[in-house]
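There are two complexes below, and they share chain A, which is joined by chain B in the first and by chain C in the second.
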Partner chain A sequence: MAVHTEALEYAHHGPMTDEEYVEQRDLRFLGFLMFLFTDSIFFTAYIFAYLYLRSAAPVWPPVGIERPDVNLGAANAIALFGSGITAHYAMTRLKENRLSGYIWFTIATIILGILFLLGQVYEYHAFYHEGVTWAGSTFGASFFTLTGLHGFHVFVGVWFLIATFAQTLAGKYSPSRHFGLTAATLYWHFVDVIWVVLFFLFYIY
Partner chain B sequence: MSTDTIEILRRAGAPIHPEPESFVKRYLFSIDHKVIGVQYFIVAGLMILLSGLFAEAIRVQLTQPHNSFLTAQQFNEAFTFHGTLMVWFGAIPLVTGAFGNCVMPLQIGARDVAFPWLNMFSFWTFPPAVLILLSSLAFGAPDAGWTEYPPVSLQAGIGIVFWTTAVFTVGIGATLTGLNFLTTVVKMRAPGMTFTRMPLFVWATGVTSILSLVATTALASALGSLFLSHVFNIPFYDPSRGGTVVLFQHMFWFYSHPAVYIMIIPIFGVISEVIPTFARKPIFGYKLIAYSTVSIALLSFMVWAHHMFTSGLGPWVTLPFMILTMIIGVPTGIKIFSWVATLFGANMRLTTPMLFSLGFLSTFTLGGITGIMLASVPVDWHEHATYFLVAHIHYVLFGGTVMGVLSGLYYWWPKFTGRMMSETLGKWHFWLTFIFFNTTFLPMHLVGLVGMPRRVAYYDPAYHAINLFISINAFILGACFLLLIFNMFWSLKKGPAAGPNPWGARTLEWMISSPPPYYNFKEVPEVYAQPYGYGEPLPYNAPYDQMSTTPTY
Partner chain C sequence: MQVSYIADAVGVIGAIVVGFFSLRFLRKEWNLKGADIGVTKVMLTLLAIGCVEAFLVGLRILGQSPLSTH
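Up next, the complex of A and B:
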């Protein structure tokens, strides 16, 4: 067990050996999983708040507010879940050293992510048009806070994908060394999973 | 570092980041865990002192029933700042950032934490947060207490925005420190150091990191919603628009109850190191102490509503929380018994760190007993928001955390400065602190039981004599810290050289020179057993097995 490496940028000036890379990758992988875990607590707390407010209300959604349009939500969900699938295949292609496959699948992922964001903007616009606002009701407060927080994560995820895409094109990642790309893909799947919960809570439950 | 040294280290399997030459990289934006630990110590120590001044201001006000020293508004601001600074800017950074950073990587035989750069980033969220919080004094300070319950906190001015931003910022650092430490403990232990061979302070730091990871983000969401409520007027906490103020209390205490364990579990670790060292005996019940730490952490997530017994929750909510809260007394009691059993029959060396640990045992136990009292719903209804509660929290946070921090400070000071502190002054410091701590906070139980509410600037003249007594003792207690400060500066200038292992301890940090070299361990240590086997050979490979564990001081 070679446990004594740390951030190797500081340690060496030459390239890492395979052993050092694996050690560094495992550290970062564990750290990144913990980050995702602690991030999920953020959503959990607001979901708790949403359920609490919902159970405290006599009728839900409050009088004068319609439930969000499930068709629009479903279309959005399909875009996001689809992007999860393409992100997975992009990763697989890179591991198989098929760069063109990676490129096309990643572009598809990014486009689907942007489509999701546009769909969300459209939905927000429609809600505000109907007078459902962030400050107007507990429904609006929890809906816009939670979906906004999620939308922010999707936004960050798109940039994460774009950044790792650029890095891949610049030759930073190889079939055996691609931690940054793994992290971006993992983050993207995380954002997907959160949406499963939010979609159920706001559009179906 | 010369190229020769680098070559030695490389052959030994240690990674090298060369010691930086420039002042900025060496002392300000250092990525070395020891420097970052000291940075945390300095900033958090200053915050403790500042917070203490706020406490003294509160006590000055309370010397007279209707004192004009502070206005009611200023009094509210004083106790808000006292609590906020102590919890988030004093205690938590001290026990995790300072002790964790300085000691934990050395105790597991690592070169540094898992992510040194992230560690530096975590620290540098701290000073800006301090500035944000203190700048609120100029713009209408927060005044609803350290818990900042709405609706009161939302009725005040812009101060709450500063407060939420500052605590959020320092919380980011705390979460990332937790992430960093947990990765370090899981992945970077020296060869042979299985989980049950780790020093108990490492257990404590690891478990605290789990608490930070789970709970601090929940606090962030509570703060975020408070911020949004003030800035964008969202109705989470506005009953007139369907919101509910109790929601905030749930979100806040889901963090803040584990937070009290973030403040005390590392101290359990400190005590578990200090007591066997000066009892010269193996610690009693190593596994009991380690696993009870874990069970305290798990239980701490299931008891938050015991802070809210008077908020109008139904009996079907309060009853399970009451029972679970009392159950937490079991693992805590297991620890106390283990420490006492370690002392049983020991030929103790009553040095300053040991005295503070023994002081901790008695005062913390008293705080624990009042905790069990308050866990009982009927008692809590009577005592909630009185000085009894104030006495309880100070017995666990001053009698627990501060006593433990002082114990750890006296214990590890020679390791990180290379010099001893004055034992004579240290013992004076302990006895004065211990006596005046008790004379300050013990009467608060009484004044609370007869009904004096907390957080009031003016009070019934019937409580005058006892409040005056408390205040006078509080001033002396505060002055005791001058002894510590003097001792620290004296030690840095004139203290005798410590040598690598002045206390004759057996954990890995004492196997290297004091202060530790920049690269920590020249050769990767290998570990064969627990560190607490006093009287047995050291469980490390050469050259560490040759170290002397005879106390030199």
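Up next, the complex of A and C:
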């Protein structure tokens, strides 16, 4: 009820004052941080399931299955890590009120994200031709579940970036008010960081 | 030239470039305050660690291990 009253008050006052915006932004940030935290717990649960399956197997990967191509994996990882840097640059440019810089760096981020997804598709295709499937082995099940889950996050992240990009072009964000962009950038960094862990577990360890 | 060597080169050069910029951003933001800046610092640090992983893979120091047995 209190929230409803507050919403009405905001509607009555029209545009938010700076104090109101900061209060709203801090609350939204806390909520977004909690979302990232729960999402990381979600990944952690699957990672521990993978580690359990791995430790229970006499040989890993199971006999007849080759490890993923670590060299291609590294190149693909660099595309995603590089997109984290361009996303950060884009955010910095918007804060400095340099819209053209924001536009180019965001486009670069989206392209790199799509390149990463295409690399994943290529890898899945190669695995499929080697006979590694989701239902065929514990390795396949854990690999496709975790990397698929991550790939889905990247896919959502690309759309998140496209949506905030469109909102920025429509004038929704300014150098002083840009929480949506902050959230999109943090989400993209989160997706990067999850891949640091998955890359280590599936390709290196 | 084999595809794996091209992938290695992309991994090594990319890791140096991306790692450099992540550390540069980290240095720039080190003294700034704010919750979102704090989270970004953690993310950039982990990103730099990812670059070290990719760099070592590109140099073929990591990731060439045979099947692990228990």
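Basically, the second predicted complex is superposed on the first by the 192 of 205 C-alpha atoms of A that agree within 3 Å, B and C clash if a C-alpha of one lies under 4 Å from a C-alpha of the other, contacts with A are read in each partner's own complex, and residues count from 1 in each chain.
Note that a contact is a pair of C-beta atoms (placed from the backbone, for glycine too) under 8 Å apart; a residue touches a chain by one contact, two chains touch by 3 or more.
All values reported here derive from a predicted model rather than from experimental measurement.
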| item | value |
| --- | --- |
| Chain B versus chain C as contact partner of A:162, first or second or both or neither | neither |
| Which of chain B and chain C A:70 touches, first, second, both or neither | second |
| Touching partner for A:196 - first (chain B), second (chain C), both, neither | second |
| Partner chain in contact with A:46 - chain B first, chain C second, else both or neither | first |
| Common interface residues of chain A - those touching chain B in one complex and chain C in the other | 26, 57 |
| Contact footprint of chain A on chain B as seen in their complex | 13-17, 31, 110-118, 175, 178-180, 182-183, 186-191, 213-218, 220-222, 225, 228, 232-236, 241-244, 247, 250-251, 254, 524 |
| Contact footprint of chain A on chain C as seen in their complex | 3-4, 6-8, 10-11, 14-15, 17-18, 21-22, 25, 35-36, 39-40, 43-44, 46-47, 49-51, 53-54, 57-58, 62-65, 67-70 |
| Parts of chain A lying in touch with chain C, wherever the complex brings them together | 26, 29, 33, 36, 55, 57-61, 63, 69-75, 77-79, 81-82, 84-85, 88, 182, 185-186, 189-190, 192-193, 195-196, 199-200, 203-204 |
| Residue ranges of chain A touching chain B (in the complex, touch as defined) | 1-8, 10-12, 26-28, 30-31, 34-35, 37-39, 41-42, 44-46, 48-49, 52-53, 56-57, 62, 134-138, 140-142, 145 |
